[in-house]
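This report refers to the structure that appears directly beneath it.
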Amino acid sequence: MATLTIRDALNQALREELIRDENVFIMGEEVAEYDGAYKVTRGLWKEFGDKRVVDTPITELGFAAVGVGAAMAGLRPVIEFMTWNFSILAADQIINHAAKMLYMSGGQFNVPIVFRGPNGSAYQVSSQHSHALEAMYANFPGLKIVMPSTSADAKGLLKSAIRDDNPVIFMEQERMYGLKSDVPEDEDFLIPLGVADVKREGTDCTIVARSMTVPLSLQAADKLKEEFDVSVEVIDPRTIKPLDIETIINSVKKTNRLVIAEESHAFASVGAEISHTVMEYAFDHLDAPVKRISTAEAPMPYAKNLEALALPSVDKIIDAVKEVCYI
Amino acid sequence: MAKTAAGQRDVSNKEVAAKKVPEAKARSNSSNGESDLSVVEMVHAEYLERRSSQLETIKKTDKKILREMLFQMVLGRRFEEKCAEVYRMGKIGGFCHLYIGQEAIAVGSMMALEPSDMVITSYRDHVQAMVKGISPEAVMAELYGKEGGCVKGKGGSMHMFSKEHEFYGGHGIVGGQIGVGTGMAYAAKYKESGQVTLCFFGEAAVNQGIFHESLNMAQLWKLPIIYICENNQYGMGTSQDRAMSTRNIAKKADAFEMANEFVDGMDVMAVREATLRAIERARNESLPTLLEVRAYRYMGHSMSDPGNYRTREEIAKYQERDPIVLFKDSLKEANVLSEKDFEKIEQEAIEVTERALKFADESPFPDESELLTDVYA
Amino acid sequence: MAEKFLMPKLSPTMEEGQIARWVKNEGDNFDANETLAEVDTDKATMEMTALSGGTLLKILKGEGDTALLGEPIAIIGKEGEDISSLLSEIGSNGKKAVAPSANGGQAPAKEEPAPSVTVEEPQEQQLEKTSAPTPAPQSETRAVTSAPEKTGNGRMIVSPIAARMAADNGIDLRSIAGSGPNGRIIKRDIEEALAGGGVQTPASARTFTPSTIVGASPFRDETTSKIRQVIASRLTESIGPIPTFYLTVEIEMDNVLATRKQINANLDDDGKISVNDIIVKAAAMALMKHKWVNASYQDKVVRFYEQADIGVAVAIDEGLITPVVRGANLKGLAEISAEIKELAGKAKAKKLQPEEYTGATFSISNLGMMGIKEFTAIINPPEAAIIAVGGATPTPVVRDGEVVVRNIMHVTMSCDHRVVDGATGARFLQSFKQLLETPAMMLL
């Protein structure tokens, strides 16, 4: 075990996969000479050179398309978006091309590509750089969506995503790049896509969290135990699509209460999907309506106090758990 | 967060830009925005000028290739005419974009390729698919939405694909395939496979951002790709003059210091010659080319297009320069093929089309289990 | 100090007792273990004895009166004590004693206005009982979130898991005070009830709540007592599947006829009510007072219905059919009348839906209009009784020593002896007769 930041765990995964498979290459804005806008690709250009680590013009639609075409023709591109907010420029390629290619070619052309980058809010970067976009991409059959919350998950899932034969949306979180946790050093350390992880076991209430809300939920769980003697189970699906709904359902059957904490906006969110599925498969096990904690229904404001107000927080999660536990 | 511009690279393409490429008078800007039939006459005058030298080229070209080129053009014509017929009978659903009048482009360019070269195109893809090697049966069955279609009935008119034939699809988003084709060329260069990518799109796609993004990267990274702009002069019902600030599409490549040519798309030999030059550039120098190939779409944009935006006179004017008629005349004059050969080719094209229709009719609809297959690999 | 003497539990299955006879009179002194009265229970006539000596200061339930378990029937104490405060307490809050027994499966009658006092009190007791079975902490926020009021329309709010747990454990949800928002019954409430121990015995009581009165009657199943099982099997052996016996009563119908005349004088022809409509209403009201008649023998349980769904026999070409007037106890005469007209019409047109002619709790067959004076009817299982109504015929009777002519109607009730005993049936018929002879009572 090594203790790594999520940033370094991602870097390690990329490096290992570049070594393992020569068809893997990294492409994006500032990924090479600059060492990555968030230093996720630090040192890779120096080690692997121009062919494997490619700086692009600021041309999101263009380089996303190059990735799709290259993947169709046999390569395994890892395309970095400086933030997922910029992926909207490339949405046509991700959605109309990558996601649908296998189907509309009658199974002939798969697109083994990873689109990755930070998703959601950072620190006071305002409306156009703070959106959490997983719900949008989750609506398209053909895409897989991964959102790690620990260093080990980041590494194991990114390696699996690169080896996956489908287009994978891999969403990191800028606020979490510096978080440290243990990572197995095995070069074949993989975490399969579509398997949730129980980050903390509990009996009174289930919190389903992903990405940034996982550490928030774990903190909330500590406080709830300490102050209210409430035992919270925290589940991180890790992969939004395919979603490991079974683990969530089984947890809800045990705790009878569910809080979903997510950084995206609430309307038509992944949390709404989970909530629906729980209603469908565990209705008779619920003791309270499912509660969601999401970002306020407004573009992200710049002002520090307003930003904090908009985002999920430990206190908001605690209040939600108390509400479903009738405390 | 502010982005810094990608580092400038010291890539000089001046020698490419300086190359002499054929330049038509039709490149001049249109000022009134109306269709200008005098352009047809100018293009034709140029054709007559080069005809004698072209006949020499024909005489030097393998007769089998010439016969096959004519056959593919005639087959493309008969096939698309039948499509219009059975579409009206309700056997083909959805959109159906026909290629009639543009045959010289697909045939002239693609028959200059090696089988391992890659092709990607837009939704007007039936004839390209067949020229690349997909059987007329599989194309027609796809149009019918049948199990025997080249993508099992999942794509229809706009989405013909064949991995076996390096045909990377018909694509439905105007311009989308320009970027994907660029990526295919990127892979070829990466893998050093020696493949050339041929990427077709209509002139209206040139107004999409992806065209400019792609050409920039292709020249920046020196990709072995040939962009063929099939300028049929109408983006759906809007004439090029009403949608583009300049009529000169080939010259847009100059902005990227990319080699470019204007080509008479009614002259299959001219298309072939220009493509061969571009292929050489791609294969030997790993450099891209933009070809603007000017043709004319005889039919509406799709089967649901009444064509009210242009006159019968205009259509007739272009049909005088029908690519099949021009090519036949040249082949006859060069003593390559006789009238009897033409009749045989015609007969064969009709038979192949009939076989395709029969196959499509008899092929079953896809099994219901296919609905959820091929979503994930 | 004076105190209430409560109806004691004199048999294991006793729900209520009827005073057969007071052995001591008001003012009499008694010693410990001395018999104060004889009480008819469901089982036998039992002697009710004093636990300690004293004076019988006041009899609250006279001979023939029925009292629920725990209900005050007398006041005892020292001779000459002032009992006025006790009397006023009993007078104003007489039902209060009933409420705690709700935990034993005895729910307050639905149609009671459910004053907040009776609802709140058991809830307080429930909350006090919570020791530490759930990890949910006790805090002041608890009081805020528990809204004890049931919703206005009487609909019960229960979380899905709580409903499931209650069903699995045979818990009467109406005995649970919901501590969630809007009084929602939540998992914790069920856990507390279960931890409360023995308050709810699984399978001892199972109740359902009606969503609306026009549906089939809700009911409550109570475990069949040993004695009832023995009676049932003995009598069944003796007479057949349903051990039936018959009780006949004569009812003077002059007041009903007069009342009907007055009512109809103010009604359109379409809306006029019939004697039979009044009989249905009277039977329904009487059934509410005599739960054993509005019941059904179900082998392991005796099912008590909470509303009177009256089957009214209608002759049709093929024979007989009994459309059901649902919740006749809750409906006015006009409504009953209109409904019977509609159902009879449908019956004759053969358009009755199954739910319109099945599931009655009690039936009436009236052949009076066909000149029949007296007859017996066959019980429609699983109902406990049916009344056969003959015609009201002018008959000379003696009133105040004089022979006068009155319209006398013979009613014969067929009773399922497995649930209805002779005296039970007789008391029902008494009530029924009283209502018809004094129709104004129906206004109460």
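Which chain is which? They are A, B and C, in the order written, and residues in each are numbered from 1.
The working rule: a residue touches a chain if its C-beta (ideal position, glycine included) is under 8 Å from a C-beta of that chain, and two chains touch if they have at least 3 such contacts.
In this text the structure is predicted, and so the values were computed from the model without any measurement.
Averaging Cα coordinates per chain and for the whole protein, the chain whose average falls nearest the overall one is A.
Each chain gets a centre from the mean of its Cα atoms; the one farthest from the centre of chain C is B. Spacing of chain A relative to chain C, judged by their CA centroids, is 63 angstrom. Computed from the mean C-alpha positions, the centre of chain A lies at a distance of 41 Å from the centre of chain B. Per-chain Cα centroids separate chain B from chain C by 89 Å. The touching residues of chain A, when paired with chain C in their complex, are 203-204, 228-231, 256, 283-288, 322, 325-327.
Within the complex, the chain C residues that touch chain A are 135-137, 139, 141-142, 145, 159-164, 179-181, 186-188. Considering their complex, residues 1, 3-7, 118, 120, 149-155, 159, 161-163, 168-169, 171-173, 176, 178-188, 190-191, 209-210, 213-214, 216-217, 220, 373-377 of chain B touch chain A. Touching chain B in their complex are the following residues of chain A: 23, 25, 29-30, 33-34, 37, 51, 55-59, 61-75, 82-83, 92-93, 96-97, 101-110, 112, 122, 125, 129, 141-142, 144, 165-166.
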